[in-house]
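Have a look at these structures, which come just after this line.
Next come two complexes built around chain A: one with chain B, the other with chain C.
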Partner chain A sequence: MKVDIALFAYLADHQPDGLGGRHARTFDLPEGTTIADMIATLGLPDQPRVVFVNNRHAAEDSVLHDGDRLAIFPPVAGG
Partner chain B sequence: MPDFPDLHPHGRPSIDVAVPPPGREAALRARLQASSVAIVGCGGLGSNIAAMLLRSGVRTLTLIDSDVVDASNLNRQLFFRDQIGRPKTEALAETLLRIDPEARLTLHTCRMTAENLVDLVRGADVIVEAVDRADTKAMIVNTCMTTFPETPLVTASGLAGYGSANAIVTERPCENLYLVGDLTSDVTAGHPLFASRVMVAAAHEAHAAVRRLLGFDEP
Partner chain C sequence: MREILYVDMSTLSIERKPLPEKWHRYGGRALTDAIVYDMVPPTADPLGQENVLVFAPGLLGGTTAPNGGRLSIGAKSPLTGGLKESNAGGQAAHGLGKLKIAAIVVTGKPADPDARYMLTIEADGSAKLSRVDEWAGASNYALADAIKAMRPADDRYSTITNGPAGEAGLKAAGIAVSDMKGYPNRFAGRGGLGAVMGSKGLKAIVVSDKGLPYLEHADTEAFDAAMKRFSTALTTHPVSGTGLPTYGTNVLMNILNEAGGLPTRNFSTGQFEDVEGVSGEKQREVTLERGGNVKHGCHTGCVIQCSRYWVDKDGAYVTKGPEYETAWAFGTDCGISDMDVVAELDRICGEYGLDTIEMGNTLAVYMDSGAIPFGDGAAAIKALKSVFEGGAPGRIIGDGAEAVGIKFGVEHIPVVKHQAMPAYEPRAVQGIGVTYATSTQGADHTAGYTITANILGVGGTVDPLKTEGQSDLSKNLQIATAMLDALGLCIFVAFPVLDIPDAFVAIFDMAAAHTGDVWDTDELLRLGRETLTFERLFNEGAGFTAADDRLPVWMKTLPLPPHNTVFEVTDADLDAVFDFVPETAKAMGLR
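So, the complex of A and B:
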């Protein structure tokens, strides 16, 4: 299945093409892949993050589906 | 949203600087006056956001914070030297009531958790995240967007340092989330907090809330 993945801010450095930037890349993933699987595959650091699928908040144990758009955003401190 | 058709029916984009027609401004003010906003955190962001919302006409505010005013807060937070040591919620409420004695304020002087946050913000028309720690920001966004997916949430990330104020923007990464900041300048990475840049972010957050309450979905 095809899933688009966008990584925001410093997470963009974890895109496999190494090019950075927040635009989505398309991944070809096996059925049943969860968001947590992708976080592990991409090697995202264990830092606070917010996850969206198709513009809605999603839990990290959610299973991805063909055509999904996954976005992961890491808040940084300050206020 | 009902009652307020597009101010620019002929296709003007999201930058709307038009002066409302006679009667419209009163209707806009009435809408804000009937709205409520929950502000989670009353520090550099939240204290200034509260004052801006009140001055914009949002008179029903829920203020949530567990801290007391410290001398180190005075460089950017809307507190005064004679308020040092007092709970931020109470000190801020006192100031807000000096601006508008008819403000309707609900104070929650308690540490927020994923468990109690839901009850603290329930019923607000817009929720504003205004805390300092990254993990608390993530918790608030995750909790509110899970429990209240239909309630607009405004959050901020990346407002420290002396980078350009123009790098701070409001984005709408998904339907009911407004994201303010440059997304990268992290106070824990050694960037200091300047009142000027914190208030730029606070103003973005307050204005995102105002616009959404008025029925403008785009930031």
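So, the complex of A and C:
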């Protein structure tokens, strides 16, 4: 299945192509892949995160589906 | 020990009196509220003789409390018609605190409407009013230069200045406070308080704290211990310790866009396809490429360091930030993705003394009328400049989004209590809708920043698209925020405080050790409730009812993409937010 993954702020450095940037990359993943699996694959730091799938907050044990957009942010805030 | 400096602009006299005992636990917003509540009839004309303008550092102002140098400015608002507290960073609050001035209270109006005055407070505590008629119409940056030229080279001082927007009585006029480098770029922007300052003929306040030490404490050892615990919480929490100092407030742009809660083109959709150009990450990259500063505090004693300077292509300073709200207002909400355009609009507001949130909304509403296209930066700059440089639409821009929306026949005007909404969509972030609707301040995100639990996962999680829990979330944050504003703490300390229990304890430990009074959880929350109670009672007296605690009707009927949701929190839930006011008012002896 194909899943688009976008990483923000300093997490962008963890995109496998090493190019940085906030644009999504398309990943070809086996069925049943969870968000937690992808966090491990991408080597994201062990810290709180804000995770969206298709513009909604998602738990890290959620299973991804074909056509999903996964977006991951480090702990950030402003105002 | 603390005193109030009364400045009567009718008689041009100044008096310094002890802070009344009844207010000795108050600072910042609690004190500006208490004084306005006490002195101003709620039905007063905001630009008339009866209104007063109050400047107050927080209870911890003038101490080494981390992030404790925020300034509250209060008056009856010309924009909302209610009791306004507008909050700014910059250097003035610590200066006043060190001078043991709990508040400057400016009353009356000069007989000559063309007269302009500067109030100078020297480090020895003396204060005087000087005539500065030649500064009429001067911009904030010109005032900063003129004041610098007058002060001794070895002085240490801060400025509070009022640009031409305030002199013109415009409802979106804000008041500028100087930062650590002397730039007049920290703003008490919201609610038109610059117009109140202008109505009093007051063009500038200079506060010198040359050679003055930080304040002593009732228990120095206990204060220092609590201060260190608080500082550690701020610097180790990932948001205040890493996220904010690295990217600044504008790191929010992408996350709100991802959540579908980023108001775009006058609140017509929740995502901006060209968000990258005005995102915090891009802002950091460009600023670093151009040699700008990406990490400093807006005031001495800030350990979060979320401020930054935008520089032009030649590396010359243009403006601060831009902060998230400003980048959103002039960027996303106007369909503009060029940060240089955003920065130019920000600088123009800085010169004139206009609130960037209100002005971004105003330009977006003007664009929505069809007068100029969304996304047209040059047309936006021309429209903003027309406030003072002529052409269309002219001065009405400075009166804000509602004034322009009515004049140009725009259906969707995103205001509550006449004040324009900040950078979060109530239809996609229901909790912030509760805050916008119910806040005594008009639509104001800082009043009860539910983005914490709604979007950022700080202090728990509350689903932004559901109605459950939003009323309680907003209520609790509104009380906590009023408390932080009264202490003079930056509201960004809330991020660690919501997650690290000892950070909250450290706050009341600092307050207790500094003042020698008893402070604990109950007392801090009581301070917050009392602050809000002054505001609610004043607003009631000014004619506000439950009908004013509502969002514009179209936000309850017109679905917002991409979630295609409307604002659904019930009126009963909105009316429950201030359920503590009658009991608090009774306990305060106000009812």
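Descriptive notes on the structure:
Keep this in mind: the second predicted complex is superposed on the first by the 75 of 79 C-alpha atoms of A that agree within 3 Å, B and C clash if a C-alpha of one lies under 4 Å from a C-alpha of the other, contacts with A are read in each partner's own complex, and residues count from 1 in each chain.
Convention: a residue touches a chain if its C-beta (ideal position, glycine included) is under 8 Å from a C-beta of that chain, and two chains touch if they have at least 3 such contacts.
Since the model is a prediction, treat every value here as computed from it, not as a measurement.
Of the two partner chains, chain C is the only one that A:12 touches; chain B does not reach it. In the superposed model, A:30 makes contact with neither chain B nor chain C. By the touch criterion defined above, A:43 lies against neither chain B nor chain C after alignment on the C-alpha atoms of chain A. On chain A, the surface touched by chain B in one complex and the surface touched by chain C in the other have residues 8-10, 47-48, 50, 52, 55-57, 71, 73-79 in common. Those residues of chain C that touch chain A in the complex are listed here as 238-240, 242-244, 246-252, 254-255, 258-260, 271, 276, 279-281, 306, 323-325, 445-446, 449, 451-452, 455-458, 461, 463-465, 491-492, 495, 562-563.
Listed in rising order, the residues of chain A touching chain B in the complex are 8-10, 47-50, 52, 55-57, 59, 71, 73-79.
Within the complex, the chain A residues that touch chain C are 6, 8-10, 12, 22-23, 47-48, 50, 52, 55-57, 71, 73-79.
Of all residues in chain B, only 41, 43-46, 130-135, 137-139, 141-142, 145-146, 149, 155-160, 173-175, 177, 179, 181, 183-189, 191, 193, 198 touch chain A in the complex they form.
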